[in-house]
Each structure stands twice: as C-alpha cells, then as structure tokens.
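Take a look at these structures.
Across the two complexes that follow, chain A remains constant while its partner is chain B and subsequently chain C.
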Partner chain A sequence: MSAVDLSRSEAGTWRASARAWWRTGDALPFLLLAPSVVLILAVIAYPMLTGFWYGFTDGSLLKYGRFVGLDNYVELITSRDFRHALWFSLVFAVFNVVGCYALGLGLALLLNQDVPGRAFFRVALLLPWIVPSIVSIVSWRWMMADERALFNQVIGLFGGSPVYFLSDQTWAVVMVIAIKIWRSFPFMMLSLLAALQSIDRSLYEAASLDGASRWNQFRFVTMPQLRNISIVLALLMTIWTVNDFDTPWLLTQGGPANATENLVLLAYRYTFGRNDVGLGSATSFVTLIILMILVVILLRRQKER
Partner chain B sequence: MKTAGNAPARGRAGLLASLAAALAISLSPVAAYAADPVKLNFWDMIWGPPEYIDAAKELVAEFNKENPGIQVEYRSIPWNNWYQTYVTAISAGTAPDLSTGAGYQAVQLYDLGAIRPIDDLIEEMKTSGDLDDFLPGTVDTLRYDDHYVALPWGIDIRVWFYRKDMLDAAGLKVPTTWAELREAAKATTKDGKFGILASGDTGGSHFLYNAILNNGGGLFTEDRKLDLKNARNVEAFEALAGMVADGSVSPASTGYNSDDRRGAFNRGQGAFTLDGPGLISQAGDAADKIGVVPPLAGPHGDKGTIFWVNNIMVYEQTKHPEEVKTFLKWWSKNQTPLWTKGNTGQLPTRKSIAANDYFKQQASRGYVLENYVPIGKTTATHAAGIFPALNEVEGEGVMQTFAQELWQGKPLDQILDTADSRLKSIVKE
Partner chain C sequence: MAYPDPSPAQRWTRFGVLSVVVLVVNLPIILMVMNSFQTTDQLMQRSSLLPQDLTTANYSYLSERTNFWRYLWNSVVASTGSTITSAAAAALAGYALSRFRGRFVTTYSRTLFIVQMFPIILALIPLFILFRTLGLINSPLSVIILYTVVHLPFATWMARSFFDTIPRELEEAALVDGCSRFGAFIRIVLPLSGPGLAAIAIFSFLFSYNEFFVANVFLRDENAMTLPVGITMFMQQYSTDWGSLMAAATLTVVPTFILFLGIQKYITYGAVSGGVKG
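Here is the complex of A and B:
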C-alpha cells in the first residue's frame, strides 16, 4: 500500500470515529464548554503567559525587550522598595482581615438579635460597601487633609493639636488600614450574618439545657459553626487586600515616602512610571506567587480540620 | 464646404468623445483620488476647560473650509492613560497623522521609531523668517539627536504666587530674593497659617526643580549624566530644608495633592505657593487677593524656574506628510483662539500670539510671559534639548518622594543619597 493510501485510510478512520463521538452525544458538553474555554484562554491565560514572559525581558510599554533571564527578579528581590512594599502588603492584609472580621462578626451577632431598627441597620451598614471607592475615599481624604479638616476640628474641640494624618508615615498607614476596614466590613458582616442564621437553633437549646453560658455558647457552638465560612472569607479578604489598588492610591498615592505602597502600587509605578514593563511584570508575578502560597496554606488547613 | 458639411457630424462625434472621456476620467481611480480630499487625523490633548475643545474644533473646521483638498478630523484625547492610548494606537498601526503632546512625548516616541522628524519644516520656517516668531529657546528645546522632533505650541511653567492680604497684614513687601522669601514665609507663619504651602504629589517635585534651576543648578551635566548632588542643587535643597526647619512650610504639605494645596492657598491658609500661570484665573473670589512674585534671585544672583515646552508631533505612520506639514504650519500660525476662546492654561510659544490683547487683559499671564518664560529651563538642564530618560525621571516619583521627605523635615543628606541612588538606577548609570 502506498503512503497516500495509508493517509487516506487514516483520515477515513478519524472521520468515522468523530462521527460516532458526535452521534453518541459525548461531544455536546465539550461544545457547550468551548466558548467559555476560549474566553478564559483569551482574557486570562494569554495575558498571564504574556505577562510572565515580559518578566524575563527588558522591554518598555512600546518596545519588545531582550531576554534578560532572571535579572528583573534579582533586581526586584534585592530592592528596598520591594521589601518595603512586601512588608506593607503583609501588615495591610493582616490588620484588615482581623479588623474587618472582628467588626463584621460583632455587627452580624448584633443584627442576628431582635434589636429595634434591625432592617434599617442591615441596609445602612452596607453603604460603605456600595458607595463607589472614589467617592468614599476622596471624602475621607477631605475629612483628614489638614488642620482645618473635620477630624482636626473635632480634635480641636477637645483641646488637642492638629494631627497631619496623611503627612506622617505611621498615621498614613493607620488611616489606609482603617478606611480599608471600613470599606470591607459590610461584606464580612453580610456573609457571617447569613451563616449565623443557618445555624440550627436546637444546638443552642441543647447547650442552654446543659447550662452553657452565653460566652460558652458563642465559643463552642457559634464559632465552630462559622469555621468554614470564616476560612473562605479570610482567604477572599486576604486576596482582595493584597490586590487593593484603590484605597492606598486614592488616599495617599503610596506615600508619604512610600509608606503605604503595596505590591500592586509598586508594580504600577514600575510599569507606568518608570516605563519598565519587565520589572513591573516581575512584581506582579511575585505578588501572584505569594497569594498562591497563602491560598494553598489556608486550603490545606481547612482540609486538615 | 466640406468642413461646413462635416461640422454637425464632427460635433456629435466630438460630443460623444468628450462624454466618453469625462466618464472615463470620473470613473478612474486617479480621478477619484483627485476629487476626494486627503483625510488627516489630528489628536489633541485636553489643554483647558470644556470651551477649549470647542475652540479647537472650530479652528479645525476653519482650516477644512480654507483647504478643501485636506480634511482634518479632530479628536480630543483625555490625559487619563494618554500614554497607553498612543502606545496602543501606534502598535495597532492606527496612530494619528499628528498630535499634540506633553513635554517629552515626542522624544519618547521618536526613540521608538514612531515620530517623523520635522527638520524640513523647521528649515522652511527658518528661510521664511517664521521661526523668528517663536520665543527664544522653545524650538531648540525639542531638538533630539540632531533632529527636530516636534513643533512647540504651548508652555507650562511654575511661578511663585503670594497672598496680598497676608503680606499686607504682616506689613511685608513682595520678596525679590530667596532670602527675602524665607523671611517673609517665617513672618507670615502664625495663627494656624503658614508661609509656604507645598504638596507631596508630582506638583511637590516642582518645588525642588524650581529651587535648583533658580540657583543655577540642574539635574544633569552637559553630557546627560545625572548630577543631583552638585553644589548648587544641594544649596537649593538646603534653602528649602531651612524653611521647613523654620516651621514655615505647612506640615500638611506632605499629604496634600496639588488640588488640596491650591484650595488651601485660595482659602488663605498660606502666604506663598508655586503653581502654573492659570492659578489666579481659577481662584474664584480669591483672585483679587493673589499676586505673582517676581522671579526670585538666588544667593548667587541666578534666576530660573522649571518649564515644559508642549508640542505638536508628526507620526511616521502618516501617508500624507506634505498635507500634514500644510496643516501644521496653518495650525501653528492661527491658534490664537485656543487662548481667546478656549482659555487654555498654557502660554503661547509664538511672540505674535503673546502680543494679543488677551494677555494684556489677563495681567498675571502677561507678567509671567514677560518675566518668567525667558528664564524657564527644562528638567534636562544642563544638558541641551530633551531626551527620553526625562520621562522616567519625572514619572517614577523619586523626586516626589524626595519632596515628601523634605517637607517632613528628614535629614537632607540622608534623603538626598536615597534619591540619588534611586535616580541612578532609573537612568541605568
């Protein structure tokens, strides 16, 4: 048999098996999934792979660069800016997750009780989450910008000296975290409230019959029931905080003296300020790797329990 | 007569031939090309209030009316993400034929092969004498690697402003030297008000550029090497640090952005600030209380401030370089309505436009044109012209951080060393 005959026979076999596959209906799920897969490849996989490649080049926003190996990663990891941004990202994430969890849980527990005006507060407390970030953060900025701003007028009423919240490194860090907590707690509160309402009432009745105090009911009934949702919420909030651009940018632009510059702002500065796409991409990928490690650790802990 | 007898026949034949020829010409691609006007895309940044765009559109319409063979399409480009807008267009092959742009855009894009030099146009303007209409230094500022990469049109500059009411209340004269400025700032710092209002954003770095250029310093050597720590620069930074040590610089400055600073100045919370020439016209009710400080003399008698020569550039992707040149020449000469109708905050680079009554009516702008523009210098000083690294130097925020730390009162030698090493890493020295 000649080569041509062979290829014809192979093509015929392939067509026959494809027809059989189609007839059995096995192809339908793949066909239905295809648009989503194409979309994911186009908008997530392709940019991610391209960005990953850029991290190994010395290009600018307009010019493809040369391959420079790990130079960008070495420059990044040895730079003081990176170490500081990493430290601030960590502080920002830890304080925000703890802060908004504590506030969200406290309010959720309160709103889970039969308190007057409960329906109103449930809606009103969602406002920080609903208001666009530009509106809320710029408003906060006005309230603390200088000695005549609202906060300092209140401090003045009590005889205090003006505090320059955005000019002092420590205060700027505190304010960025505080505003992020203020913006994030409604999501925590809403999710925890939903989880609280799904706890079986009979568990509390049994605990009460056993003589458990309110504190022990909270400790041994409520908290274990909230464990899984809490881990998921902490995970999501960590990712959102590490990736938060709006809060530090709109409030301080990463200042003063880079005190509130997180990894995302650093990547932005390198890419669009310094026009160094390689270094900016490397920063983004290091951020991604850190987040992935965090996700794996948290998910493993969830499984272990 | 044969001739007479054949005349009708020849007339018919001639008529048919003419019709056929006309038809052939009208249907041929050459005819279509000749009949259709050349289309040019002109992208213009938003250089002023909303009326600026209307004035620019009217001007383009006027050109189109006067030049039926060329039709310019005007597109207004917002400043947000402007760099990405141009980069994307150039990469996709859809760049405009020409555009306006900020100080360093032309050299940045030229270095990447996207800008067409306008040496021929400059030569033509030199021959015709039109080049003499430009303010001294403005055209040569846009010379890079022995090519003119753009034509200047507008100047952005930083000048010192003062509050007349605060100086009057303190019984002070308007300062004329840096030493007098320091004393006046000190004297007006009282009752919760401060002598100097600065900011921690990009505008904050302009205070640093102004100080070093005013003192005969500069960021670079003549051969484009970074020179942040030269004696004149250090002396200028020390002058600013001295004002901070006096308590004359508002402690809110580090956290202020330029809008905050402007707002505080207009409310009378500070006696002096550094801003663009449009500050007074945007000050509302406070306009009458604000004046322009004359160019200050430094300790060695030097005068100077930071300025940027904004420009119009032609793109390599254009298919109609001659028509672009025609439009560019026309636009450059006829752009007065951008000020008189459009109220752009820029200052003109042409003497003929600067002589317009508009600048006599707007006394402060006229004053700045006459007294500050001649002493304006770029961030490239002491190097000639401009070059792409300037964009990274200004954009990366090193000088901004330097300003923030200076307003915080941190030790100068420490923050100067940090800024120097960071700038060197940017320019890869």
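Here is the complex of A and C:
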C-alpha cells in the first residue's frame, strides 16, 4: 500500500492512470486527509502567509496598508513594551513549567500508590484543567478582589496587612503564574502517571533485592525512566504557556501597567486595541518563530526515542 | 504499583493527604458554587466562609433579567457545529494515519504538531480581516471553522489510537469479499469504533464550549456571544454583582462536568498518547 507512488503516471494517459490510482485504493489516504488539509490550509497556512506580509505593512483592521519594509520590526525591537512582554513570556513559561511539573509529579507518585478511592482522586484532581478558564478565574478573582477578600482575611489571621493582589505589579505576576500552575498541573499529573504505570516492575524488584532504599529507587529507577517524557512534557507546556491568552487576560488584562502582558496579549493589544495590524502581525510572527524553535527541538527529541 | 504490600496505616495516611489536596485544589470551584447561593450583599459582608440563608435569587435574576440563555444557546450552536466537523475530519484523517504509510502521511502527521503549537493570535489577525469582508464576524461559522482546526490534532491522534486497536484482519476479510477499501472503513471499522468516536465528539464539544480567546475576537455583538465571552460582559456591566457572576459561572460549568465524567476514562488516549508519544 504505497501512498505516494505517483510515478506510474508516466505510462498511459493521465486519465487512465488517475482511474487506476482510484481503483487500486492508492488514492484513499489522500482523500481521507483532504478535508483536514483544506481546513489547515485555510486556517493556518493562509493566515501565516498573509500575516507575514502584514508585518511589513502599516494597515489597520479597516483598510489594507502600504509596504513599509522593516519599520514594524524596528519599532518592536526598540519598544519597551515588546522587551517587557518577551521577558514576561519567559518568566511565565519557566515558573509555570517548573511549578506544574513539581506538583504534577508529586501527585502522580502519590496516585501511583495503593490508596483507597484512587479512581475518585484521579478524576477530582483533573477538575482545574477541564473547568472553562473564565469560570475558574472569576472565582480566583473573588478570592483576591479587595482588602476583605478570602486571601486577605487569611493573611489577617496571621497578623499581616492586606495585599492588593491585582493592582500590585509583583503580586499580579505571582498570581497569574500561580493560577496558570493550578490550571496546568492536572495534565502533567495525568501524563506522568501514565508514564509511571508503564515502568517495568521488575526494575523495582531488582533494585530492592540489591537493597536500594525507596529514595534511591526513586532516584536511580523512576527518574531515569521518566527522563525522556519529562523533557517532552516540559517543552509542550512551555509552548502552551507562551501561547496562553486566557489566564493573564481574564485575571489582569495584562495590567497593572502591563506587568502581566505576554507576547500574545501585546499582539492582541496592538491589533485590536491600537488598530495597528502591521505591528500586531509582526509581534505574532516573532511569537511564531520562538515557538517554531521549540517545536523543532521537540520533534528532534521524539525522533531520538 | 511500585511498592507492594503497604500497611493499612500507610494506605489511610495517603488517603488523608489526597483528601486534603483535593479539597484545597478544588477550593475555587467549591467556593464558587457556595457563593452562587448568596446575594451580593451577603457576599460583601463576608461574615463567614460557609453560606447562610441560601437563596436562589441570583439564578432567577440570571434567568429573567440577563442574556444568559441566549449565550448558552450560542454556545450550544457553536460547540455542536464544530463537534460535527471536527469529529468527521478527525475520523477520516485518523484512519489514514493508522493504516497508511508514505511521505504524504508523514508530512501531514508533522503538520499536526505545528497546528497544535501555532500561536492562534497570528491566525486571528488575517482571519478577522477576511471574515469581516465575508460578513462572518458575529456568525457562529467563524468560531466553528477555527475550533475545528485548533482541535484537529488532539481529535486526530485520539481517533488514530482507537483505530490502531481494531485488527486489520477484519478489513482484509471484507476486501476479499469484494468490499472497496473505503467501504471496509465505513462498514467495518467505523461501526466498531463507536465509543471512541463518541469520546472524540465529546472532547471536541468540551473544548469548544470552554473556549474563550477565539470567541472573544469574533463574537462581538451581545446576541452572538457564547457563554465564556458573555460572562465577561457581566464583569464589566455588573462589576460589583458577584452573586450573579458566581451563579452564571456555576451554571456554565454544569454541562462541562457532566460531559467530562462521561469521558474521563478515555482522556489518556488523546492527551497523553497523542501529545506525548507522537
């Protein structure tokens, strides 16, 4: 069943060979993939090419712009907002990946043990992941809304003074990251649990025969076995975090004073706030290039395995 | 299980730890549900964490005085539409990935990775301009098309791993009996993958139902908004009305929970095997 054996069309007329192609079933994979390919061309390939072009023009959402060369990219590189968004994207990704990996691994290890009600716990811990972003963030906002909100009452119990979580620049960053970790750890937990369950049990039996303590079993059996999947998961999560719009937007709209504005929010603000399609497209294109580098690393990793 | 034969004490300690973790982790969701039965005045007094004098006032306000049902209807339309298109496209493509090899299939498989990682904001800008000229802004079609593609990698990987579990011998037998290859797919493989396709469809529905970013860009008119976007209108218009906001959020999450419970055992198929094993 060769899917790409088109070379036979050299012999005979085009129509005859097309008919043969159809009859033998060699055409089938192309036909099966055709609807998806058309959709991807329309929604990914077309915008990618036009977006690339828009990055070199000065258009708005209402009218096409003129070619302005590298102006948009020059403006980006020299703009403080862009450098800050780049920096925040990095901080956001690094802290979220580390945080949700640690939390996910800890819970996966716990769930991998013999514990009553394991199936229930596994499902209950997935909820932060499946709840719509707007729903959970509404509730989070309530918990830190003002000086009498839940978090501040708890702080008050310990004698601390109220914290303005959403209007203080540092705290806003901390809360955006914390909520992103909360929304991301279930995926990590689920994937790591699946990986833990596929580790060969005889490795542990051999290790305990050799007198390895449980800590050493974790260090020298579990972690090496999880190494590859951990790298892949970390890269995936990095990509998703760089792409995240919902968490910072719904919590702070990028504020206060753009403190929680990542590249996606910046591109959104340029395009839909300032009506500057050129600058917005250039920002999104930079985001694409950063993500492409990560994807290439990811695909290499997966090939190695 | 890595470590056999734990003592009962150990097992119940783990149970206790996990119970506390579940409670803490789900606190925002639990509080939201409890708060939805309190009036905004009661909420602002914050006399205690546990609700007193439960009231359904928020819910009747939501039902009678706001656009809530309109938003819900729009959500159902957009989600149903994209579920149908995405399940159909994913079933066909998943079958190709499961049964065929070749350069075209491999390239397609790689492309799915790129789709999954694509910064959607880059697609939204040109598509907004295109959809505006086509009159698709505020139309459910705009989000249906976007959701289908954004969800395609997950759905296709999931479909593929279901088809992988169906033995090829069944199709070969059908071919011997004079069935075409496509006929074998339609008559033999598809009926056998019923539960799998249902799971894919529900995942697609959940994804579209929960989605905020794309809907926020394309659905700007209040009568066109889906629930996640509609709720943000509440936050602006009725910014101090936490009671209604909590009630709206709670009602929104009910379908999500019901659908999720139906498919949670399939979740590893797409999320883990697709995203991680490739």
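One rule holds for everything that comes next: the second predicted complex is superposed on the first by the 264 of 305 C-alpha atoms of A that agree within 3 Å, B and C clash if a C-alpha of one lies under 4 Å from a C-alpha of the other, contacts with A are read in each partner's own complex, and residues count from 1 in each chain.
Here is the rule we use: a contact is a pair of C-beta atoms (placed from the backbone, for glycine too) under 8 Å apart; a residue touches a chain by one contact, two chains touch by 3 or more.
Computed from a predicted model, the values in this text were never measured in an experiment.
When the shared chain is aligned, chain B and chain C each come close enough to touch A:Arg148. When the two complexes are overlaid on their common chain A, residue A:Val37 makes contact with chain C while staying clear of chain B. After overlaying the two complexes on the shared chain, residue contacts for A:Thr252 are found with chain B alone; chain C is out of touch. In the superposition on chain A, no contact is made by A:Phe56 with either chain B or chain C. When the two complexes are overlaid on their common chain A, residue A:Ile199 makes contact with chain C while staying clear of chain B.
By the touch criterion defined above, A:Phe165 lies against chain B but remains apart from chain C after alignment on the C-alpha atoms of chain A.
With both structures placed on the common chain, the touch criterion links A:Val277 to chain C but leaves chain B unconnected.
Put chain B and chain C next to each other and count what each touches on chain A; the higher total goes to C.
Shared-chain residue A:Asp114: touches chain C; no touch with chain B. Looking at chain A, you'll find residues 61, 145, 148, 272 touch chain B in one structure and chain C in the other. Contact residues of chain A toward chain B in the complex are 60-63, 145-148, 162, 164-168, 172, 252-258, 269, 272-276.
The touching residues of chain A, when paired with chain C in their complex, are 1-4, 25, 28-33, 35-37, 39-40, 42-44, 46-48, 50-51, 54, 61, 107, 110-117, 121, 123-128, 130-136, 138-140, 142-143, 145, 148-150, 153, 182, 187, 190-191, 194, 196, 199, 201, 204, 214, 217, 222, 229, 232-233, 236, 239, 242-243, 245-246, 249-250, 263-264, 267-268, 271-272, 277, 280-281, 284-285, 287-288, 291-292, 294-295, 298-299, 302.
By the touch criterion given at the top, residues 1-4, 6, 11-12, 14-15, 17-19, 21-22, 25-26, 28-29, 31-32, 35, 46, 49, 88-90, 92-93, 95-96, 99-105, 108, 110-111, 113-115, 117-130, 132, 145-146, 148-150, 152, 156, 180-182, 206, 209-210, 212-213, 217, 227-228, 231-232, 235, 242, 245-246, 249, 252-253, 256-257, 260-261, 264, 267-268, 271-272, 275-276, 278 of chain C touch chain A in their complex. Chain B meets chain A in the complex at residues 83-84, 87, 90-91, 109, 112, 114, 192, 200-201, 250-257, 260, 264, 267, 269, 391-392, 395-397, 400-401, 404-405, 407-408, 410, 426.
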